[in-house]
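Labels for the chains are A, B, C, D and E, by order of writing; each one numbers its residues from 1.
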Amino acid sequence: MSPIPEISGWWLPLAVLGTSLVPALLIMLLAEHRQGVRTVLNLGAAVVKLALVAYMTWGVAFGNNYELRFGMMPGVDFVLRADAMSMLFAGLSAALWLFTTIYAIGYLEGAPNRSRFFGFFSLCVASTMGIALAGNLVTFLVFYELLTLSTYPLVVHRGTPKSLNAGRTYLRYTIGGGAVLLVGVALFTSLVGDVSFADTGALVSEASYDATLLRVAFWLLIAGLGVKAALVPLHGWLPIAMVAPAPVSALLHAVAVVKAGAFGIVRVVYNVYGVETAQALGVLFPLAVLASITILWGSVRALFQTEIKKRLAYSTISQVSYIALGIALFGPWGSIGGLAHLLHQGLMKITLFFCAGNYAETLGVHDIAELDGAGRRMPVTSAAFTIGAFGMIGVPPLAGFVSKWYLGLGALESGMPWVLGVLVLSSLLNAAYFLPIVHRLWFRPQTAPWPDEHSFGTGETNRWLLIPTIATAVFTVGAGVFANMPYSPLRWAMLVVARVYTQ
Amino acid sequence: MRRRVARHAVAGVASVAVGIALWQAIGVRSIPTVSLPALVREAMPASGVSHDITAVLLNFRSYDTLLEIAVLLAAAVVALALRDTPRERMPASQPYLILDTFVWRITPLLVLVAAYLLWAGSTRPGGAFQAGSVLAGAAVLLRLSGLAVLSVDDRLASRVVVVFGLSVFLLVAAGTLLAGQPLLAYPPAWAGALILMIEAALTLSIAVVLFSLFDNAPQSRPAAAPAQRGEA
Amino acid sequence: MNADRLYAYVGVVLFAMAMYAFLTHTHLLRRLLAFNVMGGGTFLILVGLAQDGRGPDPVPQALVLTGIVVAVSATALAIILLRRWFALSRSTALPEDQS
Amino acid sequence: MTAVSAGQLLPWLLVAPLAWAVIAVLIESRRGALTIAVHAIGVLLHVALGVALYTSVARSGPAAHALGGWSAPLGIGLRADGLAVTLVLLTAVVSAACAVYVMTTERAAHDADAETPRYFWPLFWLLVTSLNGIWLAGDLFNLYVGLELLGLSAVGLVALGGSETALSSALRYLMAALLGSLAYLLGVALIYAAYGTLALPELAELIAREPLTQLAIALMTIGLCLKTALFPLHGWLPPAHGVALTPVSALLSALVVKGSFYILFRLWFDVAPEAVTPLAAQGLGVLGAGAVLWGGWQALREPKLKMLVAHSTVAQLGYLFLFFPLAVGTGVSAAALATQGMLLHLVAHAFAKSAMFLASGTLIAAAGRGGVADLAGIGRHMPMSLFAFGLAGVSLMGLPPSGGFNAKWLLLQSALASGQWFWLCVLLSGGLLTAGYVFRVFRESFVESKDSQFTPTPRGYDWVALTLAAMAIALGLASQAPLSTMTSGLRVMAGGT
Amino acid sequence: MDGEANGMTISLAFDWVLGVVLVATAAGALFSKTLFRGVVLFVVFGLLMALAWVRLQAPDLALAEAAIGAGLTGALLLDAIGHLKSRSVTPSHNDDDAVKGST
């Protein structure tokens, strides 16, 4: 039996949420100069949260039930619940958050408005945790919108006209997307009622509902989620939001925002409609096509970017859709690939953004053309970048390879062999836009002085920036090499998938 | 010009429509099944007064009257708030009606009429409102003839008189509540006396308030208007 | 037609006519005049239609008495505001009505 | 005191604020500690009474009080059902918050600008009296007197600003209020002619669908819509709410306009559901939609902060009117959902809008000027006020978690349940417009500029605004209990129409 | 019998006349050329209303209308006219549109 007490703790999900909500409010009230207290609060909360999530993951693995439920309004409950799928996202967020927090503390040293920044930063984690633990569509929507609101101050943090304009674009997309999602959720709820997420789908039998309306609701939901997941053609906000500080970009692209969208799609397909019902409704194939288009389009656009962060942004658009693609491939292998990629892409992309931030902070480099010879000046960062880039391309034995391998299997299994072509083409494009950077780093001599170099004593850069970068790079390797260990991303994805399919 | 025409057209259509609708609706009216006059007649003996309108105003529907006095107070308060500051106030205002002697003769008469109306209210037409307004009228006449016998301003005494009627009314109301009765449910034996007391107090306050509404109207000239107070 | 009904009809005419005046005049004193005439019309309708040939009804009469006091309060308040407004702006109409 | 029945408690909610109005007049010339202490006691007493009445009615059902011991129709009845007591409590809380804001000003009044204008307090208490009177009224004519008291004290409060615009706004407001109450009174006259009574419960039994009644309802509806500033009769509202002193604006937008709407709701759904038609309801809905779109559009273009918030009130009032087409001539479940949504919106908007006005006033006090553009760079100096503004904005936009979201959700569900997709589009576009004007303010505040100067403001301002905004948010997580209290016993919930 | 009917006819005729005069006076008050005449007519209208209240068997209202409606309101309005006119810079031959005095 379970080695830990069989508790159905309603307090645990609440505590996970509270470990970022309470610090968020405290930090916002904190005077600007109280840096020590702020750092302790930030890191303390991140560590406690990680511990709580780890404990909860362990419990979920043994089938424990953690649920908080109360009536929010007539006919709708507020539900926080930990199932295997939630822990996938919660674990990713909690882990990457710790790293991003460390990174952000170093990155913003001496910058203004840090109380506001870290306040909303923590609020953003709280939203992500809420998204992970939401037990029904309305609760999901609550945190999905909260995420929009808490990321806006981060995007416009610098207060320059450029960032304010980016913030406006960001809002137009996300608030619009939120409205569409709201209609989708409302329509679905009016058809089916307020149903909780279930492993094999909350729709008991699609036959008893109007299939057309169900499809309409499905596409409304996907459209609303697709904005954050940056599905083409709803991706426009993402490259523009690159004006934000590097930790924010890491957050938007690797963990919080795009993943929230992707995770939402996962929830809708698996836990709301049920993957088998979705297949029966015939909505999976169009979703696969959409995802494939996004994968290729993002990669092609990435090729033409000259700024590091912009190229990474388009790369994100492309890579996040692997998740949607995996889900749309009906069959366990594809699902495993998609879900594993949710974690893998997070690890790899956050590494790349940390590196981009390191180059910008240490050398003042923003453009790819300025990177010549940076490998010699910053070997550790460049090594991490290389790992991340190879992972993205899908070089074995890195994390990205594992995802792509299972996606390939899924393509064959679901009878969509053309997806293999997409995967191959996309990998080639990945190589085409990442390898030149790697080449510049290591094999080109420095031709011009660095635009704005800072010295950090003995290390190549600030230690607060370097440690998280190394850590995530190591995890990228580990997730690939030790893919078969218990609690690895892959194994956890397999656990989830085993519960999703009825047969 | 076009706005003016449009405004007249809209107003015309609206007024004609309302007029016609009312005219038509009155024509097809039905006779109500409830008869309040009968109920009033039935309850008169317990009302403490013998004049039915006074009974309605100060007993059956005394709450309406309480709120109505509050309305009057609201107007009086705004008048006090927006009253000219002593600096803005015109020096001794010149009488622009030459009726001194007439006013002098009529004033005592008006005071007598008011007293009669107040007294008559419990048995015949009359009551606090009529009495109060006659008194106020007398004060207005005096004021117009240049005799400022009364000034309702920021002094405590003025403010006490302004709220006197309402205070008495409220004290009676609170008293009934504290006695465990419904609001303004007078003990039958005292009803007549209480109503007369309230009416007397109201007469005084109504007179003063109505006069203050006249007297406190701003006099200041545009040219001498003080620098505009800060925009909100 | 009884007298009560007749006065109710007079009230209707007064109301409609004064409403037109209220909506078209820009001079605020004229609008106040119109308001008072409208009020008079309403009171006539209230009492006239309630009695309608069945003898006096003290309830609507008491209501009208209340209404008259309320109307004079409102009129006085309006005049005070108008005079203060005039002192500041030299205008007797609302800004949007000044041609 | 032993357990007082809710019925005996009712009149105190009128007597107490009226008594404080009298006291306020008497101590008007005194400033400072005494004034603050006296009114603080009044505010506490009022809140205590509100809480006591609410809990009593929520627990043991509606209460009534026959004034003067004369039962209706001869006398006037007060009645307190769940909806009425909720609004009484809402009034107590919001007015208390505004009072605390004023007291904060008074305490911090070093300079003459910040001083509370003379005679604020008597008008404040008269306003509170009239609101309680309206929520608890059981008689059509008594409602008329209540409406007049409400209108005159509100106009007076606007005029207290003393500036040229304050006076013209007050005059415009007064003209609209007078016209509105006359139309209402004419309706009352017709109703009395037709039924011989003014008591609401009795009328509810008697009213039939016949021309005189329908004309009366129509007249009263028009008058009340004018007083509620329903588009296109809303012209008086933005200047009045925009120019008034900050706490007054908060009171006006949060509570005063709801007074006339409440009467309208009672009239249509409690008193005369037999006499109203779906066509008229659709008409009100269309005007409500117009208000949502036009008000939002105006707010989007408005250069002054408080005017922006005032235009937002026009838009938000529009949502209340979307309720009519969803509740008249539709099924029981759609009507019930719409009722819940509308009532929740009413309460949530009261909290959110008062918070937003108070926060705006604080921002303006800090910036020294009232333009949205003058806020450039204020984010670094006034984070608390901005946070309160933002929380209130969340509720107004209808984003979760907030009372505004729950309200919008319920209205959406009602629109879906009754198959009226049109209203769904209105709800959504309204939300997007709201987001547009709320974030306009944030866009300015987040500008990093070195040269802007801001004066510090009392901390109390922010706490008041934050408390109100937090209530709007909390309502999003706990709307079940207040909703069940508010809707208990309403005819429309049982498919009254 | 006949006499009573006659009396009724006569009094109804009086009511008709009073009604017409009321409307006419009101029209004069509302649409007169000068505001002063309007207000004077309004006072007359108030007194006629008092008469109408007598005819409606409402002596209380007659008293109140005469004292408040005609008397006080009239005084308030007249005083206001005096104030607004005497301070107005524009020649006040037609005060109706003397909305914005030229400075």
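Observations on the model:
Here is the rule we go by: a contact is a pair of C-beta atoms (placed from the backbone, for glycine too) under 8 Å apart; a residue touches a chain by one contact, two chains touch by 3 or more.
All of these numbers come straight from a predicted model, not from anything done at the bench.
Chains that touch both chain A and chain C: D. Of all chains in the assembly, those touching chain B and also chain E are C. Ranked by how close its C-alpha mean sits to the mean of all protein C-alpha atoms, the top chain is D. Ranked by C-beta contact pairs, the top interface belongs to chains B-D. Averaged C-alpha coordinates give centres for chain A and chain E that are 78 Å from one another. Centre-to-centre spacing of chain D and chain E amounts to 38 Å, using the average Cα coordinate of each chain. The mean-CA centres of chain C and chain E are about 11 angstrom from one another, to the nearest whole unit. Averaged C-alpha coordinates give centres for chain B and chain D that are 28 Å from one another. Contact with two or more other chains is made by residues 60, 64, 68, 72, 76, 80, 83, 87, 101 of chain E.
Shown for chain D are the residues in touch with two or more other chains, namely 141, 145, 148, 152, 155-156, 159, 163-164, 186, 190, 193, 196.
Residue positions of chain A with contacts to 2 or more other chains are absent. In this structure, the chains touch in the following pairs: A-D, B-C, B-D, B-E, C-D, C-E. Residues 1-4, 6-7, 9-10, 13-14, 17-18, 21, 25-27, 29-30, 32-34, 36-37, 40, 43-44, 47-48, 51, 55-56, 61, 64-65, 68-69, 71-72, 75-76, 79, 82-83, 86-87, 90-93, 97-99 of chain C touch chain E in their complex. Interface residues of chain E, counted against chain B in their complex, comprise 59-60, 62-64, 67-68, 71-72, 75-76, 79-80, 82-83, 87, 101.
For chain D in complex with chain B, the touching residues are 8, 11-12, 14-15, 18-19, 21-22, 25-26, 28-29, 65-70, 73-76, 113, 117-119, 122-123, 126, 129-130, 133, 141-142, 145-146, 148-149, 152-153, 155-156, 159-166, 186, 190, 193-197, 202, 206, 210-212, 215, 218-219, 243-246, 306, 370. On the side of chain D, the complex with chain C involves touching residues 141, 144-145, 148, 152, 155-156, 159, 163-164, 167-168, 170-172, 174-175, 178-179, 182, 185-186, 188-190, 192-193, 196. Residues 337, 340, 344, 377, 379-380, 383-384, 387, 390, 394, 397, 399-401, 405-406, 409-410, 412-413, 416-417, 424, 428, 431-432, 435, 439, 442-443, 446-449, 476-480, 483-484 of chain D are the ones touching chain A in the complex.
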